[in-house]
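In what comes next, subunit A is part of two complexes: it sits with subunit B in the first one and with subunit C in the second one.
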Partner chain A sequence: MGRGLKGLLLIAIPVFLVGWLIIYPIFAAILSTLFFDGPEGLRFSTASYQFFISDPYSRANLALTLWTTGMCAVLLLIVGLPIALYLRFSTNRFADLVQSLAIFPMFVPSIILSYALIRTIGPNGTVDILLNAVGLPKIKSPYLTPWGPVIGLVWDHLPLTVLMLTAGLGSISNSAIEAARDVGAGPLRVFWHIILPRMGNSILVTVSFTILGIFSAFTLPYVLGPASPEMMGPFMLRTFNALYDPLNAKTQAVISFAFCLFFGIFYVWSIARNQKGQSR
Partner chain B sequence: MARLTIDNLRKAFAGTVAVDDFSLDVADGELVCLLGPSGSGKSTVLRMIGGFEQPSSGAIRIDGQDVTRLSPERRPTGMVFQSHALWSHMNVFNNIAFGLKLRRLSRAEIRDKVEHALELVGLAGYGTRQTFQLSGGQQQRVALARSLVLEPKILLLDEPFASLDQHLRERLREEVRDIQQRLGITTLFVTHGQDEALAMADRIVVLRNGQCEQADAPDVVYRNPQTQFVAGFIGQMNFISASVEGGRFLHPDFMLPVNVPDGPAVLAVRPEALDLASAQADQGAIVLRSTDFGSHIMVDLQLRDGTRLKAMTAPDQRWQKRASVHLNVGQFALYRDNHLLTIGQPVGGSEQAPEVEPALSV
Partner chain C sequence: MNRREFLAAGSAIAAASALPSFALADDKTITVFSSSDNNIIDFWNNTVIPAFTKANPGLKVKLASGGDENGVRAIADRALAALKSKTDPQVDAFENFDARLPAGAAEAGLWVSFSAENIPNYGRINPQAQNLKQELPYRGSQVLLAYDKTKLDPKDAPKTWEQLVAWIKKNPGQFIYNRPDKGGSGGNFVRRAIHEVNGRDPSKFTISNYSADFAEKSLMPAWAALKDLAPFLYEKGAYTSGNTQSIQLLSQGVVTMVPVWSDQVLQAISQGVLPETTGLVQLTDLALCGGFARMTVFSNGANKDAALKLGNFLLTTEMQSAIITQIGGFPGVSWDHISTDLREKYKDVVPNSIPTFPGGDWNSAINDGWYRNVATGLARG
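Moving on to the complex of A and B:
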């Protein structure tokens, strides 16, 4: 009895904080976009959502956000998986260097990263100068195009991706892989038939984390992205700050939240399903 | 059909030489055990044969074909690993069928072969099980079936039963020996259990520090160990250090006529080759303890220079603790610097018990 009380006390503070700082504001935000004080009392209206759906600019912003998120997730897997595979299976000392390089972006604030990217691949940046020096034409800079944030976000999220994928690869024993080679599978087939099927969970976790992180990203899209359409993060801030329109800003936030919630539920559901499949 | 030839194999890792100038010829259908203490390079030899480790130098040939530089998937070898080698995302059937699928066999053929392989290892009807639904012994049988189903020329087993309990290990090694004989498959078996090697092998290769100490049939390795290391590694052995002077092995407690040059030497005697006889107090060795094993009695002795010995005596002989005894040495071997000097019965008659004289004080 005393122990039960102590246990409750231990989780009381986090539960309280989650309720107060996360759950309550979410419901408050959702309610405040649906119910309004009118002359004849509380009134229900979905007008702000209807506006969002009917407004081509808002829709374009949402589409851009989804595109950026999807593109980043795909690119992160394409870039991160080979690095993780290399880190897992290489035995030489060079691997340590690669590891630290792969983790390095985690310690760079995104604002510094943004300016670094502008100085290298922006107009008249390092790449242009080098190209110019050997008499080649300038690159078509991704700065202020949708590809700007994609490049920045991929760079920014790479460490976490690599760490999670490496952890997933760690669960595959060397003998399992050597046994596959022994029965005649070349490296590609080992990857396809032995490694990938066992990576399902960690790929799922990785993708979910990046999607959740990137969907609401702000700094990189704000600094590197195009002015129009813009990603949801900058869009919300501008609606709230520059247009003094808290209702629409909240509506945009709720819609973003709904998408993230959808990914979150999908993630929890697949993890639960996988665990059920593996338990005895 | 399948003959394995290993020539001057050598493998150096960053800091250590794991295998050094190792040569071996394995005849068709032979089962060879690689035996040695931990770190002696057994696994490294096996992994080089399987293609998982590149030799620093030397050559490996299977039926005369040089496979030294081939990758594992191109070698006609099948390996069974110590543990954790089944693919947990496939069921038993698919684990065994994977190699056949890679070879693009027809479905019916794959099914037949897998079922046959499962029968061979005594797991008929287990195809639909998931790997985590198997016991450790069953998992190793599946691993064995997975290798056998591809009909490799050389079967490589790296301590496949090390993680199993004694009982199961004994049963499985008999089964493996059985299957191996039936299929007539050339096999290399790594173990650091000497009884496993003695029970299974046609030939035992004793490794030490990456080098071959001796490669012979089990009874030869047991009766005629060529080095002091092998003598101590296989079976129980007593070692007595002293020196040879004028054709006699001189120890404070006894002496033995031997026909070798003078110098320091180590006498090696099996417990069963030591006979005890009562002695006057303060002479010979002292009995520390005697343990009755039913079929024989093991007597722990201490010589006056502190050397501990074990003697195996008939169950009707009882030795009191602290009793003094004379040693009658039967079959013995004499080593100097790990190498064999001589082996045999004491000079001067093989039937009667050798005469043991009291120590000469020189």
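Moving on to the complex of A and C:
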């Protein structure tokens, strides 16, 4: 009993902070977009949601956000998985170098990354200069197109992806792989039948984690992306700040939150499933 | 340090932090918020504040960036609430603000009315810059067009809106401006288009004559004109997300011409960000908009008198010359109060008149209208 109370006291502060700074604002925002003070008391209205759904401009912004998020998640897996596999199974010194390189983007603030990307893959940037030097044509610059934020976000989220996938791979025992090799399985078969089924959970966690981060991205889409359609992050800020329209900004936030909630539940579900599996 | 000393020091620190007004009683700190770009913040921190504290021992200045205009507007809202409840607004002055905001603040007496009595240098202010009694115009800048002289001969540079449009259409992909809410250079380019389709008469628009109908009628033709221009811009209608990014594209030789703030471009040239071969041109049929940065002082601020001293200091010959030489701005005072050699050197950049566009509700109408009507439906790559 006494220990239980102590435990509750230990978690009281974080729980209080989460309730005060996160849970309460969420419910306050949702309620304030649905209930309005009128002359005859509280009034219920979904007008701002109807506006969002019927407004092609807002819908285009949401579609671009979903497209960017999905594209980034796919690209991150394609880029991150080979690096994670290499780090898991390689034992030489070179792997340390690869690991520190893969972690490096974590320490670069995204605003600096944005301007650096304009300088390198932007028009007449470093890549163009190098291509020009060997007589090749310039690249079609992704700057100010939807691909600009995609490239930036993939770079920015690579460390977290690699770290989580490597952690997932760590739980695969060497003996299982060696056993498969002994009966003559090639590398591809080992990957497909031994590794992949065992890391499904960590892939799910990685994907939901990166999606949560990218959905609400701000700096990279703001600086590198097109003026229109824009991602939800810059769109919300602009609605609130430049159009003095807190109601629609909150509506956009609630809709973004609903999408993130879906992936959040997914994440919590896979964590819970994992823990249940371990305790068994 | 023994235990007793430690306790004494600790309680002294605790007392000092608990009673900030006591601590500041004989060493006043003027709290100023700025909505300006970093070049202005740097100018204040490196030039204005050291010179002011040297001239006024015992006074200190704390300059904080409020982000953008909306950021400091939120602080003004709170100061107005503090005025009504007679509490300390914890701010003394804004570096650059429109005293017409927030609505009703000027009538309620939130802002100090400036005159020769509280600002001895008040008479020096350029009459063209003067507007409201509650605003102290101390520096100006204007949007003009910067171009690459190696690609465009200065004698062919466009001098009117029509010539500019013709040039953009003849040279597709060589012009870009930033999104109007993300920086004044693109914002005032958009406003120049609004002036163009409304008879080039800036006096048609005031902060109080805004109405949804009038905005619809006056802005729609401008959106049509800008949309017509879009296919000839960089990437067939891309827009940078700020003043700096436009300058970056010009410096990388991607485009030939961009609208720029006069002070930012002069600084960029002097720092070597833009080459010496950068040309500057202003439209002569009606100049691109610009304006003066206007300091405002809170009447309910705790250090009102010190803030007025700071306002007066900004209008001294020393500071006004620094505005020209260090940040490439226009002085807020008449040119008689500037040294003769500076007057001679910069006479070409000094405008005869600076058209302006009102803020307030017009801002949101222009920002929303531009995104919905001009920025959409781009051919994306």
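FYI, the second predicted complex is superposed on the first by the 264 of 280 C-alpha atoms of A that agree within 3 Å, B and C clash if a C-alpha of one lies under 4 Å from a C-alpha of the other, contacts with A are read in each partner's own complex, and residues count from 1 in each chain.
Everything that follows uses one rule, which is that a residue touches a chain if its C-beta (ideal position, glycine included) is under 8 Å from a C-beta of that chain, and two chains touch if they have at least 3 such contacts.
These numbers were taken from a predicted model, which means no experiment stands behind them.
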item	value
Which of subunit B and subunit C A:V134 touches, first, second, both or neither	neither
Touched partner set for A:Y57, first subunit B, second subunit C, both or neither	second
First, second, both or neither for A:A185, with subunit B first and subunit C second	first
First (subunit B), second (subunit C), both or neither touched by A:P146	second
Partner chain(s) touched by A:S175 [first = subunit B, second = subunit C, both, neither]	first
Residue contacts with subunit A in the superposition, subunit B compared against subunit C	C
First (subunit B), second (subunit C), both or neither touched by A:I194	first
Subunit A-facing residues of subunit C, complex	68, 70, 179, 181, 234-235, 238-242, 245, 248-249, 252-254, 363-364, 367-368, 371-372, 375-376, 378, 380-381
Residue ranges of subunit B in contact with subunit A within the complex	50-52, 71-73, 77-79, 81-89, 98-99, 102-103, 132-133, 143, 146-147, 150
In the complex with subunit B, residue positions of subunit A that touch it	173, 175-176, 178-186, 189, 193-194, 197-198, 278, 280
Residue ranges of subunit A in contact with subunit C within the complex	57, 60, 115, 118-119, 122-125, 140, 143-146, 222-223, 225-229, 238, 241-245
